[in-house]
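Labels run A, B, C, D, E and F following the written order; every chain starts at residue 1.
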Amino acid sequence: MIGAILAIDPMLEGNVLWTPLLIVLVKVLLVFVVGLVATMLMVWFERKVIAGMQNRVGPNKAGPWGILQTLADGIKLFFKEDLIPERSDRFMFRLAPYLALVPAFLAFAIIPLGGDFRDGKGGLVTLFGQQTRLQLADPPVGVLFALAISSIAVYGIMLAGWSSGSKYPLLGAVRASAQMVSYEAALGLSLGAVLLVSGTLSTAGIVNMQSSIGNWNIVATGFVPFVIFLIAATAELNRPPFDLVEAEQELVGGFNTEYSSIRFALFFLAEFMNTVTMSALIVTLFFGGPQPISIGNTTLDIPFIPNAIEGTVWLLLKVLVFLYIYVWFRATLPRFRYDQLMDLGWKILIPGSLGWFMLLAAQRVGRDAGWDQIVVTLVTALVLIGGYGLLLAAQHVSRVNREKDGASF
Amino acid sequence: MSLMFSLAEPTSTWYLVLSAVLFGIGTIGVMVRRNPLIMFMCIELMLNAVNLSFVALSSQIANIDGQVVVFFVLVVAAAEVVVGLGIIVSIMRRRTTLTVDDMSGLKG
Amino acid sequence: MELFVFVVAAAMVLGGALGVVTRSNPVHAAMSLVLTLFGIAVMFVSHNAHFLAAVQVIVYAGAIVVLFLFVIMLLGVDKAEDLSVEPITNQRPLAAIIGVGISAIVIAAIVSSRAGLGASGEGVNETTFESPDANIRQLARVIFSDNVFAFELTSVLLLVAVIGTVVMARKTKSVGTGK
Amino acid sequence: MTIISAGTAEGGQELLSRSELTAKELLREVGSVLRLSETEAALLAEVQTEAPEDQTMIINMGPQHPSTHGVLRLMLELQGETVLRCKPIIGYLHTGMEKTGEALTYMQGGTNVTRMDYLSPLNNELVFSLAVEKLLGIDGDIPERAVWMRMLLSELNRMSSHLLFLATNGMDLGAVSMMLYGWREREDVLRFFQKVTGLRMNHNFIRPGGLAADLPAGWRDDVLAILEGLPSRLEEYDILMTGQPIWRERLQGVGVITAQEAIALGATGPILRSTGVAWDLRRDMPYLHYDKMEFDVIVGQYGDAYDRYSIRFNEIRESMRIVYQVLENMPSGDFRIQNKKVTPPPRARIDESMEALIHHFKIFTEGFKVPEGEVYVSIESPRGEIGCYIVSDGSSNPYRMHVRAPSFVNIQTMPHMMRGGLVADAVAVISSVDPVLGEVDR
Amino acid sequence: MSDSADTMENAVETQHGCPVQDSHGQRVLHASRDQYVSVIKALADEGYEMCVDLTGVDYLAMPQRTIGFDIQAERFEVAVNLLSLSQRKRIRVRVQVPADDCTMPTLFDIHPGTEAHERETFDMFGIVFTGHPDMTRILMPEDWDGHPLRKDYSQGSIPVQFKGANS
Amino acid sequence: MGVVQNIADDGLGGMDHNFVTARIEDLVKWARSRSSWGASFGLACCAIEMMGTGASHYDLSRFGMEVFRASPRQADIMIVAGRVSQKMAPVLRQVYDQMMEPKWVISMGVCASSGGMFNNYAIVQGVDQIVPVDVYAPGCPPTPETLIHAIETLHQLIEDGEIMRRRVSNNGGAGVELSSELAAHTSVTIGTK
């Protein structure tokens, strides 16, 4: 029973012994520490990389190459005066930073952090005589868990903005909720494409399906769901160009304007932690997670590193690529406006991901029923194009009507 | 550790009683509160009580249909909230206070 | 262990429910509702309904309550409601009597009829290591075979609800141009 | 011990609630003075019923807000995120420069005016010097080299000012890197200024009668280095911003103003040009030797923020064209007028001659006397028409020194541009007006 | 104020009933307060469509000045700079404002762009523009005493002092 | 949560000075000097040079200072860059009060330090009449090098603990009474009224 609740892990089947419990505890601790350190390094990485993109040097006074910069920030913020504004809702004001931080850590629990994928081991490694996955938990609804966590992460931001009791944070909070609701749908629908191809919800299962580059979901689902997922994930993270929630130029600091000291540090931490988690999730869903890169029958091998650890290295490398992409976004793209953000979400991403999902589903039905794949694809594509044409026409009519009677909404 | 497993297992009756209590709280809330938003939340409480009893009974009588019903209830609840909040927003456009006592007329 | 889970979850459910009814500030009430919803989700998990638990969190906590909060913030009705006013005389005691009465009747019915309930279906699949998504597969099969008509109907319902809301909530005239 | 009460209450200068306003004030604040006909204005009463006061909120942007370019304070009445009314409140940088100008001699005046529009200090000095020269009646006698040098510096200054506009415009719209790129390029120009004038900003280099010093050795190579480095950088900006879909979406159709409105409000510079009015004082009322120059006046069509962005962007290129022509034509000769009344003796002569020393001493302590009269001179600064109105009573101090600051006038267009836009548009509009608060408040 | 003698003699023509003077190659039109609005309106119809600048001068320290054309020199003067974009011409309108009645009609209805200039002139000189929609201070704080650019308003400089900064 | 409660307290005020706490104190001072975020308080010409200091050529981010927080709640150093007018002075004070302890002020440029050449009715003759200034940067405007030098000086003072001792000895700073201000400062929020 406990196995069913906590995780699907072979070592938790049958009689539960002390060793597996200890391993679970160690894993929890390890994930927590790894998450924290990764976030610290992520902040430094972002500041260094963006400095490089802007012909600057970046932090270099705190520790070698400024690597301790985040630590200095953290210590400084911890030893700074704290304040709860008079007009704030005190309980919610105190609660909000934790509501932002906890989901960031929780989502990390379902990411496969490594494993041995050679010789058909399927990611299982042997620790102290126990077979286990390098993953804190693998609930049967793994991916849905990530979706659920990312949807409750917005509470921290909303409540922070609302409870501050002043106007700019409130505007930030309202923006945050609308943005979250809009992009959650696109995120879920592009996830649907992955689930359709993988046939499982468990993250470990999804990783195991992607044994070679040809099987990576980015190829198997046809690239479009990946693009939509990447955009929607950026929006969920409130990172540029979707950082309307903070939008320093418009809303001063957005939801966190009134926060100082350690509470602000928690928001800061949560934001970067979420970035790391989301990158890891993208890698898990579309790029084979800790699977080594393999084309056909040849699998790349990192020399001198035992196979059990190699998975972690691959994961790290892949995640690093996405962290870099997020920094890149921040350095280049201007910020969206509120209505453009909504337009992108509702008029492009959601129809796009829905259409692609239906195309994949139709192909699958066609394959099961033994129809000609090309014909099925063509017919579905035609239907979808027709539907999109109707959508465009509807938008046009609506715009004309709006201009005619000057409605504003 | 094994000691913990040997303790009394809650039967589905426990869950059903809990859901009855939850339903009662929801009912009281709908009757007592005057803020339509909170009344809405109390209706959600009642729906959740029913959901809980469905799932509990589903596992007791070993029939998956209970869970199917819960799935549909979730969808209907979403639709209901969308419409309900829409009504509240459009009422609030015309009035300044938000209590059900002031909403006696049918036209705004 | 399950007892422990039950006690904690029940405390969440009841505490949250009482919070919804008693807190004067709508935002606090909404957060209490979230607590209840999480408690229910935990109970779903302990009944092996993993999928429903996830959907419960995504739909309820992730969308419905966020919508509630959005409306509260948008309308600026986040001021605390005055709970000391009782609009109808003796409304509260009457409501309490009705509420407790309903609960009591239902509980009585449960207690008296629990012996009569027996296994009637072909069983609910348990989650195991070999087939971690057995529950989801079973649920999906039933929804998309026996109940496919109801499923389609709910999707139409959702569509109607969304369109209806948009039509209802839209402003007809803009600022400045007049009517 | 000084205790200053916290708070920024400015009473009637602030945006008041609708009920406290007369119809005329309301019309002005919603920016409809020009836009609405009389009948439409009569319907404005319905604005109040459509958006009752308790559904709108008045927020305060500034005076210390990251996107108000210093200390501009905007009060916005918002419904949701839509701006209904806007009122700019200025004066937070009021320095009393016009009063200080009356206490300084004409010789010292340059130090004062150069600090007004601190992004184009050389243009401020130029307009002040031209006005004083006109009062002195020596405006025709300025040596050729001085005129060409003034043009060189003025155009380089225009480039650096527009580069800074690109930087802040990028910053305001969230393109962080543009901020640093703009500053990087501006730094090249500033380094040249430092070499020529000794200072990075606030040079007091262009003075009545000419300039403070001649160009240093090797100046031509430095200018050429700037000119040759810039085009490739500008192309990078084109890739980064001009062609960027998000960038275009954010700017196109935002903050629209018509030619009629711009003229009625007295807006000049890129704002006026963005509406399709080709008005550039350099071409239409030439000063210095701009009539001998070949350059295009960049004109927009839609009067939106995107037009203003591209006008400034392309004006950098036009300025480069002018600078190339200046480089070709730079004559040799004196860098200041040889008029004992106005010009201090050369440094070398002070060491030799007692008279020269006394002359030098007198001219820097007492200044020179300027005949009675009043004059208004205007030139095209990067922000529009900057004018200098000087009244002289025959002494060595100006009796009244007034500067017609382009930003001060241009700020009035903001309520018109912002009305009906979103908060994010408001930021884009502020940025596209490109006000310099030192000049607004003086 | 008396300009140099030769320019004075050139000033023989009139425009819209006001004497026109040439000052350093610029046309200057002397209007009385009563003529002010109608002259500006006539000039606007004539093509001077943009009001570039409006400012005041306090002639308190120049009591003996003369203007000519039988115009009584007063303490304050308002100078309005008009620009014709189509004809590429400028004209300046100067109006005398007596110290005991510091009011002027507003130009807001003809040139809305003078709104800020008139507020500034009010703030700095205390000249009230009647009919202006929002006659408040613009640069100084709302509760400020006096009008800084008047000649009887001291510059307000305080001698440099080094206070006991406790360090 | 908030460790620092009043102006004279650097968060470790209650500790005795022994080997361990001394190390913690050193660590805190190190952190504060390495990570001092600026409150962007750009006013006039100096603001341009201040931003220029943050740009590619001079790069304040080397000192961990590229984080210019718009919200004073999260800022440590207020760089008063430019002339402070009488109208602006209350705002300046308000922003200073909204900053959380420990906080430092750099007065950038002569106008902020002494009124500079604008010795007239409109300009506050030295920002130290309003807020306690820790470091003055001379120049009109100071070049980025000067500003960096001022910042380095301040960092050194922070690391030495010199500033805290000075604050304790004079109750806050240059003749400015802080205790009467602190009572009111919680209700004020940036940018809104």
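Quick note on the criterion: contacts are C-beta pairs under 8 Å (C-beta built on N, C-alpha and C of every residue); 3 or more make two chains touch, one makes a residue touch a chain.
Everything numeric in this text was worked out from a predicted model, so none of it was measured.
J.: Moving only between chains that touch, what is the shortest number of steps from subunit C to subunit F?
T.: Tracing touching chains, the least step count from subunit C to subunit F comes to 2.
J.: Would you mind checking which pair of chains has the most C-beta pairs in contact?
T.: B-C
J.: So what's the Cα centroid distance for subunit B and subunit C, whole Å?
T.: From the centre of subunit B to the centre of subunit C is 4 Å.
J.: Taking each chain's centre as its mean C-alpha position, how far apart are subunit B and subunit D in Å?
T.: 63
J.: From the mean C-alpha coordinate of subunit E to that of subunit F, what's the distance rounded to whole Å?
T.: Subunit E and subunit F have C-alpha centres separated by 43 Å.
J.: Using mean CA coordinates as chain centres, what's the subunit A-subunit C distance in Å?
T.: Between these chains, centre-to-centre, one finds 27 Å.
J.: Where in subunit F do residues touch two or more of the other chains?
T.: Each of 55-56, 70, 86-87, 119-122, 175, 190-192 in subunit F touches at least two other chains.
J.: Among the residues of subunit D, pick out those that touch two or more other chains and give their numbers.
T.: As it turns out, subunit D has residues touching two or more other chains at 10, 59, 65-66, 82, 91, 94, 96, 99-100, 180-181, 184, 441.
J.: Got the subunit C residues that touch at least 2 other chains?
T.: If we look for residues of subunit C contacting two or more partner chains, we find 1-2, 48, 51, 55, 63, 67, 74, 169, 171, 173, 175-177.
J.: Where on subunit B is subunit C touching in the complex?
T.: 4-5, 7-10, 13-18, 20-29, 31-35, 37-38, 40-42, 44-45, 48, 51-52, 55-65, 67-68, 70-72, 74-83, 85-90, 92-93, 98-99, 101
J.: Along subunit E, where are the residues that touch subunit D in the complex?
T.: 1-4, 23-24, 26, 49-53, 55, 57-58, 61-62, 79, 81, 85, 88, 90, 92, 111-117, 120, 124, 133-134, 136-143, 148-149, 155-157
J.: Can you check the complex and tell me which residues of subunit A touch subunit F?
T.: By the definition above, subunit A touches subunit F via 47, 51, 54-62, 66, 68-69, 71-76, 78-83, 85-87, 94, 164-168, 248, 252-253, 256-264.
J.: Taking the touch rule as given, give the residues of subunit D at its contact with subunit F in the complex, in rising order.
T.: Result: residues 1-8, 10, 59-66, 70-71, 91-97, 99-100, 111-112, 115, 118-119, 164, 179-181, 183-184, 186-187, 190, 200-202, 437-438, 441 of subunit D touch subunit F.
J.: For the complex, which residues does subunit C have touching subunit A?
T.: Interface residues on subunit C, with respect to subunit A: 1-2, 5, 25, 27-28, 31, 34, 45-46, 48, 50-51, 53-55, 57-58, 61-63, 66-67, 69-70, 73-74, 78, 126-129, 132-133, 135-136, 169-177.
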